[in-house]
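The two complexes that follow have chain A in common; it is paired with chain B in the first and with chain C in the second.
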Partner chain A sequence: MNMLILMIAAACIICSGVPGLFFRRRSATGQRLATMINVAAAAIGMAAVLFHEIPRVVAGGWHPAFSLPVGKLALGLDDVGAWFLLPIFLISALGSIYGLGYWPQRKHPTDGQKLRLCWGLMSGAMVLVVLAANSVAFLIAWEIMALSGYFLLTTEDGRPEVRQSGWVYFIATHLATLCLIVFFVLLRVYSGSFQLWPTDVTGLPAGILAALFILGLIGFGFKAGLVPLHVWLPDGHANAPSHVSALFSGVMLNMGIYGIVRVVVIAGTPPIWWGVVLISAGVLSAFLGMTWALAQKDFKRLLAYSSIENIGIITAGLGLAVLGLSMKQPIWVALGLGGALLHTLNHSLFKPLLFMGAGGIIHGTNTRDMESLGGLAARMPAVFRLMLLGSAAIAALPPLNGFVSELLIYMGFFHTLQEATAARWAAWVIPVLAMVGAVALMTFVKFTATCFEGQPRTAAAADARDPGAAMLCPMVLLAAACALVGAFPALLTGLLDHAIAAWVPSHRSIPLAGIINLWWITAMALPLLIFAVGMALWIRRWRRGTCEKSIGTWDCGYAAPGSRMQYTGSSLIQTMARVFRRILWRREQPVEIQGVFPPTAGYACNTPDPLLDRVAEPFLKRVGQMLESARILQSGAAQLYMLYILLIVLILLMIR
Partner chain B sequence: MKTVIAIGFQVVLLALLPPLLLGIINKTKAWFAGRRGPPLLQVYYDLLRLMKKNVVISSTTTWVFLAAPLVGVISVVLAGLMVPLGPTVAPVHFTGDLIMFAYLLALGRFFTTLAALDTGSSFEGMGVARELTFACFSEPALFLALLVLVKLSGVLSLSAMLLPESHVRIGSTASAALVLVAVSLFVVLLAETSRIPVDDPNTHLELTMIHEVMVLDNSGPLLGAQIYASAVKLMILAAFLLHVMLPLDPALVWRDRGIMLIGLVAVAGIIGSVESLMARLQLRFVPTLLVAACLLSGFGFLLIL
Partner chain C sequence: MIMILNAILVLVILINLFALGTSRMKALIHAAALQGVLLGLLPPLVVKDVGTLPLLMAAVTIVLKGILIPNMLLKALRDAQVKREVEPLIGFMPSILLGAAATAMALALAGQLAPAHSPLGLLVIPTSISMLFTGFLLLTTRVKAVTQVIGFLLLENGIFVFGLLLLSAIPYLVELGVLLDLFVGIFVISIIIHHINRAFASQDTRRLSSLKG
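Here is the complex of A and B:
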């Protein structure tokens, strides 16, 4: 029953953009219809996940199977999947509401219908990715998700930089799928069936197992955006419409994490080195992602890099859980996986909030460059409050949700100290995470302050206004969710415990409540929240009364301070940028001063993605040059390509 | 009853003592300079007077500017409730509170820096840039120190960690590690509370300040709250440091409360002496100092691993 409702919900979401195709280009009806279908289906889906008993193991559930030439399609759901389903429904619905204000059909007659068709396709395909219970269904859903994602990223395909970033995404996602196809073929060969999660491949040779892990990690790592597989992520997110960035960053990256969560337990107890690899990859992503985020001037790129950081933290937590499985430490599993899953959910709450807020800024000012903003707090008070909350949440400050999940991950790594095991080195992760946390705080202070505080640096910023209710309401809901999860994390432990227990059914998990009493966080959060409310009231009264606000900022006696003299985001991070110059690898055009009375000098500095800019692009260009002669095969005639396919299939049949 | 007294003692101490430590620092500095210096209770008088004053703020600022000093006070007081200020457990203690402690301090920093940038002043921007940059290096140092303490005590709560059941024997490897951690924590304390050699609280040039310049546009009760919050931060970090160095005995409650008080006064005196005997470092060398603090704790951790 449950499964049937979920399938109907997924089908409705997939089709939500279709009716819009039959309306006129400037009619708003199609968009309203799509939003209504999407919200209703998502609400039903969430209710089905939350309020029904979910079978613990896939095989026990209702198992619809459809036949295809390649094999059967099977769907199912367990508690791990259920955890990942919730944010998909939530962000898909909220994003489509946001789209009513941000991307109205009337203003975007050429690409609005395409966007909503692909929005539905991608959200629904993600639901199916989680529901897929065999590799055929998984790969089909995965490809629908990846391809509709491409069309979403390139919504404004008239702009060359959008096409460029879409192209990079396209290559990355195909490399990912390539790895996954090999992964699933290997799995099929050695397990004898297409069935997934749980896959039963015990007793494999170690080499094959290692190959499976590496293929899965690369395939899913591309989607999740683990460094160095993240190259598509920053520009892709920056150039997409903001609610699309929210869907990508908040939910689609989770699909990569979901895959890794499943891959590490394909063979029951994983070997120790898997955990080591995951922790190292996670910490590397967290550190590099955050450092790169710090140096960005485009605030959407900044948010995209911060997603890489969060994915890194999640992966590190997951690595700890894997280590716990291999070393028979249930506490590590509970804290590591619990922290990773909770952080996945949290990231799906605050990152869409931040991207939607970023969309609000773009809506009001038409720029993504934060150095030309400033003073928006007075002009967009609602967006400012929501973004401040989102920034505090993503910087893991109590009493908000980011803190709770990072607390669990920190605790997990602290626990590795307590046993006299060989994994004591894992504790070295803690100071790195602490530094990442401090850099994250700095990044988001820079972001909030440069965009919203001080005086407007340009006329565009001076004329900005808050967006309408359609854009603000989803953000308010997300902000409320952030505060709620932050203040009452103990309410989620039930769901988390189920997910941890369902991860490896043979592993005896211990409940989170037995390790840490999360009600203490509530006890500490409530005074902060009550205080915040009281303070808001008090400030309102105080402003009218004793507080005098007649003069400008202290300017050291200087007669004519201008808004362009304010400290910019770049000046704020100058010292850190120097410390991290080898990691940032910026493109800088230094000031050249010549002569006694120098003419006007210029200075330019930008921070493209170092891996894409300095490694991947030059390398691929070289490869392209070397393969110049192979162009003979590429005539551009479709018939010739069909001939190639025919020949290759013939050859393959002969070999068989 | 005993618990009530313990909680009451801690709360009263947390609320009332911090400004005295600032007074002691100032007195020490005056003594070194051969002056009589302000009265020991001068900071209290200042705070009382500031509370009565009217507020003048910049017309550029928003509500964040008014909220930040208050968030600063509440976050640091909540953090203070988790650090034992004597041989008894702190009023708030739970598994994982050490991380809450670090992040509450970060919450205060988040709002102080945002309020400073709210004025749009470049001076305050400089202060914020320095504060946040140095925090990126002092935070790992603090967590490395926590690593050593967790490893030695085997628990994840500040109260239980700082008041261990069995004390470290003097002369053991663990005591060597603790000495390294104590030095490292002292550097963190100086950086977090903006004292020399990281920052000079008495400087008169906006361009060179860190903490002072961030509160440059505050006045009246807002300034009072900022001063009070930084005094409380000084005290709880000093108490943290003292627990690492002094083995307090829960059996001799009042004697060890006395020891704690004397210790706090002594730390304030030491800070004052450092301020009198050292020049402040060039700003570009401060990260080096903090990295050195990280390394000290790191080597301490290696010793007991």
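Here is the complex of A and C:
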């Protein structure tokens, strides 16, 4: 019954964009209809996940009557999947509401229908990815998700930079699928069935197991955006419409994490080095992602890099859980996986909030460049407050949700010190993560300060206004969810415990409540809240008492200060950028000032993705040059091509 | 049964050689149509119990390969006002010789494939391989678009013959799907021929290389 409801919900979401195709291009009915279907289906789906008892492990699941040449489709759900389903439904529904204000059909007659069709396809396909109980169903859903994602990213395909980033995404997603196909083929060969999660492979040779892990990690790592594989992520997110970025960052990256969560337990207890690899990859992603985020000028790229950081933290937590499994430490498993899963959910709450806020800024000012904003706090008060809350949540400040999940992961790593095991080195992760947290805080201080504080740097920023209710309501809901999870995390422990228990059925897990009493966070949050509100009231009263005078500051004898003379975001982080210059690898045009009365000088700096800009692109260009000589084969004559085929057929017939 | 089967297969091979030797396109299309009809007769001969599905398949094959596709090609030919393949890359006589050599080689090579040792496969496999080669020969040595289509058609006929052995293993649905694909493919190509003719004032596919990027 439960399964049937979920399947109907997924089918409705998949089809939600279809009715809109039959309306006229400027008619708003199609969009309203799509939103209604999407929201209703998502609500039903979430209710089915939350209010029904989910069987621990659904083996076999549901089989349709028809079979494909490669096998049957099977769907099923366990508690791990249920945890990942919630954000899909939530963000899909909220994003489609947001789209009513952000991407109205009236203003986007050419691409609105395409966007909503692919929106439905992608959200529904992600539900199916989680529901898939065999590799055939999984790969089909995965490809639908990846391809409709491509069309979502390239919504504005008239712009060359959108097409460019679309290409990079396309290549990345195909590489990912390639790895996954090999992964599933190997799995099929050695387990003898297409059945997934749990896969029944036992007694595999270590080499095959290692190959499976590496393939799965690369395949799913591409989607999740782990560091050497993240190249598609920043530009893709920056160039997509903001609610699409929200769906990508908030939910689609989770699908990569979901895959990794499943891959590490394909053979029951994983070897120790898997945990080591995951922790290293996670810490590397977190560190590099955050450092790169710090230097960005385009605020959507900044948010995209911050996603890489969050994915890194999640992966590190997951690595700890894997380590715990292989070293028989249930506390590490509970804290690591619990923290990772909770952070996945949290990231699906605050990152869409931030991306939607970013969309609000773009809506009001038509720019993604932080350096041309400023002073938006007074002009877009609602967006400002919501973004402030989102920034605080993502910088893991209490009493918001980011704090809770990172606390669990930190505690997990502290526990590695308490046991006299060989894994004490893992505690090294703590200072690195702490530093990443500090850089995150700084990044979001820079972001809020540059965009919202000070004076507007351009006329566009000066004329900005808050967006309408359709865009604000989803953001308010997400912000409320952030605060709620932050203040009452104990409410989620039930679901989390189920998920941890379902992860490896043979593993005896201990409930989170037995390790840490999360009600303490609630108890601490209330005084903090009272203190903050009291401070705000006190400051307001104090300010009312003093009379406000508006006088110019001492201006170094320069009598005509302009708003462009304010600290820019780049100058705010200049020291940090210098410290991290070897990691940032910026492209700079240094200032050349000579003499006592220098002529006009200019300075420009740009932070493209170091890996894409300095490694991948030059490498591929070289490969392209080397393959130039192979173009002789491509003469253009159809007859010659047929001859090639004939030769191949002959050779194949000759060899036995 | 086997006798009739083998007789048809020999006829099919003869048609192949004729297709390689003729320069008149109309004759070529007629030959392909005849081959299609002959192939349509095969499925009921091969299966043990003749049900509706083999008969349906025979009917579909005959209608498509014997009537619809040749008619489309004839119409394309009329539109394009082409009568002969004037300048093949390899002459007609050498083509026939190559075709004969290919058939001989097919007989020699067929022994390597496992199904060739079943009583049915004795002639079926060599025929299909020889048809594949004939199709390839037409595709590689002729330049007119219509001839290319015929080459493609013969190639597919070869695959069809090969498929006869697997009739019990592959669902009929797949075979019918392949037939449908072929029909749609040729439908599209005959439209394209029309456009090639208008754009290049010729049907010479070698000129298509000027489209190369």
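Note that in this section the second predicted complex is superposed on the first by the 586 of 656 C-alpha atoms of A that agree within 3 Å, B and C clash if a C-alpha of one lies under 4 Å from a C-alpha of the other, contacts with A are read in each partner's own complex, and residues count from 1 in each chain.
To be clear about the criterion, a residue touches a chain if its C-beta (ideal position, glycine included) is under 8 Å from a C-beta of that chain, and two chains touch if they have at least 3 such contacts.
Here the structure is a predicted model, which means the values were calculated and not measured.
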A:Trp542 contacts which: chain B (first), chain C (second), both, neither? first
Between chain B and chain C, the one with more contact residues on chain A is chain B
Under the stated touch criterion, which partner chain does A:Ala438 make contact with: chain B (first), chain C (second), both, or neither? first
Partner chain(s) touched by A:Ile645 [first = chain B, second = chain C, both, neither]: second
First, second, both or neither for A:Ile573, with chain B first and chain C second: first
For A:Leu653, using the defined touch cut-off, is the partner it touches chain B, chain C, both, or neither? Pick first, second, both or neither. second
Which holds for A:Gly636: it touches chain B only (first), chain C only (second), both, or neither? second
Contacting residues of chain A [partner chain B, same complex]: 374-375, 377-378, 384, 388, 392, 395-398, 403, 406-407, 410-411, 414-415, 417-418, 424, 427, 430-435, 437-439, 441-442, 444-445, 448-449, 453-455, 515-517, 520-521, 523-524, 527-528, 531-532, 535-536, 539, 542-543, 546-556, 563, 565-567, 571-576, 579
In the complex formed with chain C, which residues of chain A make contact? 69, 634-640, 642-643, 645-646, 649, 653-654, 656
Along chain C, where are the residues that touch chain A in the complex? 89, 109, 112, 129, 132-133, 136, 139-143, 148, 151, 174, 205-206, 208-212
Sort out for me which residues of chain B touch chain A in the complex. 54-64, 66-67, 70-71, 74-75, 78, 92, 94-97, 99-100, 102-104, 106-107, 109-110, 113-114, 117-126, 128-130, 132-133, 135-144, 146-147, 150-151, 154, 156, 206, 216-217, 283-284, 287, 294, 298, 305
